[in-house]
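Scrolling down, you'll hit the structures one after another.
What follows is a pair of complexes built around chain A, which joins chain B in one and chain C in the other.
For the complex of A and B:
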């Protein structure tokens, strides 16, 4: 074979990833344009902030889910682990009367612990990720109800808690820029996740495991350990999402959370991450999550009934993944 | 032979992939009842040419004639309809289905109510087919329970059940024992008499001499020559393949081995596959491990490397007892393992050269908080791959685009960067072309001279004889013999390799 050394070939793997994100980004822009043309209410500052705010929780969940999906695994428990963390935060702050920061740490730790347990079940007990996290989904759903006594926990004595997500540090720094903290947190976490995935050893092993787990193991990498780390990372993100959720609703709702995992996975997949592992980006996930909320918000503004919004999202998932497959086939 | 109408004639075939001119004015001709070898180094374009013939790839230009008529082969189904079948190196069988189910997959005979498969009739049809081929196989047996050789026979039977006139075999003997190879050759002989044309792709020159009528040589995507096998020597064939003469026989200079024991294995046991294995490996030594398929060689390598659990046994590294429960432990003790199946166990083929090369050593390139020092990793990968003369446009090239020999070098680079001093090579030259083989041999010798200790598992006797300071021969999970470089002969090895001790 005559190997022709040229610039395009050298850059091939990177540029195809770029193209993928460009396409997702382009669809997001097109969606925003279309909705702006169809309704004057859409492109308003308050509506855009609303979209970002509604992206925050699903977005953070999706960030976490991106990690496990790149390993070729799946986490079905992110939604209910989120709820569990919210309930734990609520318990720590309201029942135990401890300060808010302790409650936040408690919530994140609860999420991390759930992720770690899933990770142990998958890496050490060799239970397939689908089953292990399905079990974790049910366990956390049940525990949330048990701990809360099936009733929502309201943060009545600590009104400051709602400031965590709904306050605006940005507004304090730049007056007039009323962007809630939840949005800020989403973007800060996205940047952190991106660094974690592209610059650190965890990220390298993450892609390596998704690309060829056995070859990674035979390279002397402690695959079991790193898988546990990665599922724990996903748990931490779910925990943070739980705190955002609780803060936004000013209450921990134990019955909420089921179904969120599927929306998070949908956002990851729309963002171009492959469910078979080895490929994916955080930027893609953020765009994927935004596409989903822009879509729901836009359709709501156009008074499309909620039932139909769900149908549209389903169709979008099919289209997004199909275009991705078409492009890869070339 | 000249007067015969060619079964297949390919002319002026062109195929271009991004950045690679894979086929350049290629031609190929196959007569009925002919066994025609297709030879060339890896990356010469043999597989690509055959993929064009079987409809996997579309030619960019050129003509394909089937029995004199020009045909288009836009997809694999079209090739199948013409009667062109390919037996792949990696067998394409469903292990959980039976022999008959595999052979009739997709065209099962149905009962009157066509939702139901007529298993009885299917088994009967397969039984007749197998009898015609003189094969001792039960159609109802699960493919997973068959040996690799038998599975291959199932593949051949499947091809014949399509009434194939052209059969393409890609390295059919790679996983077979000598007896099994004889069986295969017998069946090839039968097929030839029935007028089936066979394209035979192999790196084993002795086989080509024995079984083929003509051979077509390719190099760098170009057609080089078509010759009558009878009229050429192996040296001439190799010379045409690589475009230069290679002295295939010369033994390299064997360096003196130090007396320092680097690795000692005592009484290693694992189920039925490894029994009472004990041996020592010296510094700077190349220890060859020979034996037939299924003798337990790969299992031994994997056990030492911690890839599979062991039942009993001790390992001593530099005289100190070592606990190795996982590849992670093994690597910490400076052991590196190069699997016989590079693509599945050795490499992440979708990732680039650099990522693969530094994979075992990532902690070395950590700065703080786990953030990678990519510049250093890149520089190291570049240095080592250059030193190993890995042929790649850049270290950012995906590994799947490299040839077998270069992929193997990337695996070697992995362990050199990790600074391992015990290297286990499992079939280091499998699927690698002649030119690259010589280079791998040179590398192994250099590594040994630098004081690395090497365990080399190989099925190719000439390779074992040529490279090893000392040879251990295995049979049925035991070490049945030990030979030194001076005393080893092919005959001695084969004697030990077949020395069954019973259970």
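For the complex of A and C:
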């Protein structure tokens, strides 16, 4: 392996990601077509908006997880950090009585702080990402329960808070286009994440670390610093997901969040990002998350028993990753 | 040195978070200390959970009885209702401590039988609560008859939709006894008494966010749906959210189960027609009361029905309903 991360090495993973994305996109279209043919209740505006809305929380988590997975790391704490951020937002708004924007900033900062701590543990203390974020998962799960006193925090006195996710700015601009803010936020964040990953130095080092960490280090990049930055970014996304969840449920539910990390990772993987690092795209992750929610929505509309829905999602993950491996072998 | 600095940084950061937390609400831990020193009888209560509001209400009932009857209790439970193994460990620990009696809400009654056998050998009376154990070891069971309670929900549903049409259910759990009892109690009642009502779909989730998406999909798939039943707090909140998001307020009859602030609000505002509530405080209270009676060698009733109530806008403020609701 070359010591210097050269251009071809960096470009290659992205172009091979393209094909996986095309495949994923094609599967998404096929799924939508199949479900539309099987049930007239599927391809309706309200249901499509419903699908997008149900993608919002997992989608934002998956966007954040994409960053760490491209470094070849993992973040198992995204689900519970999300819950922790929701609880912090709830505490700031309802217990401390501060304005909603302060609560939102507080929630995002809480997420960022968790990410930063994981980043420090991984980069400086050299704890493997799996272990460090597993610990963070437990810490935030516990803290959410401690801070909330094991009770959900309700936003009954601040009804405007539910507007954050459930209001519709789009509807105000273009009357009739009633798409909730949560969906808009998902797409705006996806665009931001995409720019961050493909146009900025963070993104460049992100791919470099994932392709060959040692080579990147030897070429003079402060790998430890950028790892901490990247885990903090993931934390920020988890924080935003927490706010979306709290806003939609009009409450911060302290016992939620476990299992969400696996759904987020599944979305990332279906979207063609490799768990061994070095390649992946935001567009892929968005498509991956959409495939998961189209699949669950469609199967439900067809009244497929729930136990089988889970089986199907599992099979889809296997197929997605296998096509990726097949392609790389060629 | 670098490592050390990192460690310091982490410690400082965690201290900051903990500091922030301290000023929030007081923590409520699932465990308390073991007994013995002041001579009070010690009765560990092993529940199915402690995070859920329902279990907190059971706990308060148990504590009330403990104070009245001058015994010491501890109250603990696993984090989720899937953690059968953790609960078994708790039961094992309770046996190893100097327990005079044990209150036990089995997540999996079969899995607990070997340990219950041990309790019997040690002459420690076991009182089951919330759901029964398939064994004759427990001297008594203090529980809601979930099938009957759900059947009442079915009757109310039928009454409110005019005994015909399509309805669907969101059930909180597919495998636990409360989940299956509430599902079967409802389904059987509809089948037996209301031939013109069709249950078009039964889906499972007790996570309010997932239940919301799930209930929306059910409504999407069945445009003629007239009613939805959510079988616990999480499922019911999900159903209410779904109806709100689909802007179907008032067009669908929503019936819930248990209480909690959001469900109570939904009933007051008319989004939810009404709900069944168990008597969680009573469950906790009767469990400890029966345990104390068993320790004293008094006879205890084999099955203690702790009751359930239908509540809606009209009776929600009555004292006997308020007493069993939790926020």
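One rule holds for everything that comes next: the second predicted complex is superposed on the first by the 314 of 330 C-alpha atoms of A that agree within 3 Å, B and C clash if a C-alpha of one lies under 4 Å from a C-alpha of the other, contacts with A are read in each partner's own complex, and residues count from 1 in each chain.
Note that contacts are C-beta pairs under 8 Å (C-beta built on N, C-alpha and C of every residue); 3 or more make two chains touch, one makes a residue touch a chain.
Please read these numbers as outputs of a predicted model, since none were measured by experiment.
Within the superposed three-chain arrangement, the count of touched residues of chain A is higher for C, of the candidates chain B and chain C.
Of the two partner chains placed by the overlay, only chain B lies in contact with A:199; chain C stays clear of it.
Judged by the touch definition given at the top, the superposed model places A:147 against chain C, while chain B stays out of reach. Contacts of A:218 after superposition on the shared chain: chain B is touched, whereas chain C is not. Looking at the shared chain after the overlay, A:278 reaches chain B, while chain C stays out of its contact range. Contacts of A:102 after superposition: neither chain B nor chain C is touched.
In the superposed model, A:208 lies in contact with chain B only, and not with chain C. Of the two partner chains placed by superposition, A:48 touches none, neither chain B nor chain C. When the two structures are aligned on the shared chain, A:184 is found in touch with neither chain B nor chain C. Overlap of the chain B and chain C contact sets on chain A: empty, with no shared residue. Across the complex, chain A meets chain C through its residues 39, 41-42, 44, 46-47, 50, 53-54, 57, 88, 91, 95, 110, 113, 116-117, 120-121, 124-125, 139, 143, 145-152, 154, 156, 166, 245, 248-251, 253-256, 258, 293, 296-297, 300-303, 306-307. Across the complex, chain C meets chain A through its residues 2-3, 5-7, 9-10, 13-14, 16-17, 20-21, 24-28, 50-53, 56, 79-80, 174, 200-201, 203-204, 207-209, 212-214, 216-218, 220-223, 237, 241, 245-246, 260-262, 265. Put simply, chain B touches chain A in their complex at residues 18-22, 24, 43-45, 220-221, 305, 307, 326-328, 330-332, 336-337, 339, 344-352, 355, 359-360, 362-363, 366, 369-372, 374, 391-394, 396-398, 403, 414, 418.
By the touch criterion given at the top, residues 1-6, 8-14, 195, 199-202, 204-205, 207-208, 211-212, 214-222, 224, 278-279 of chain A touch chain B in their complex.
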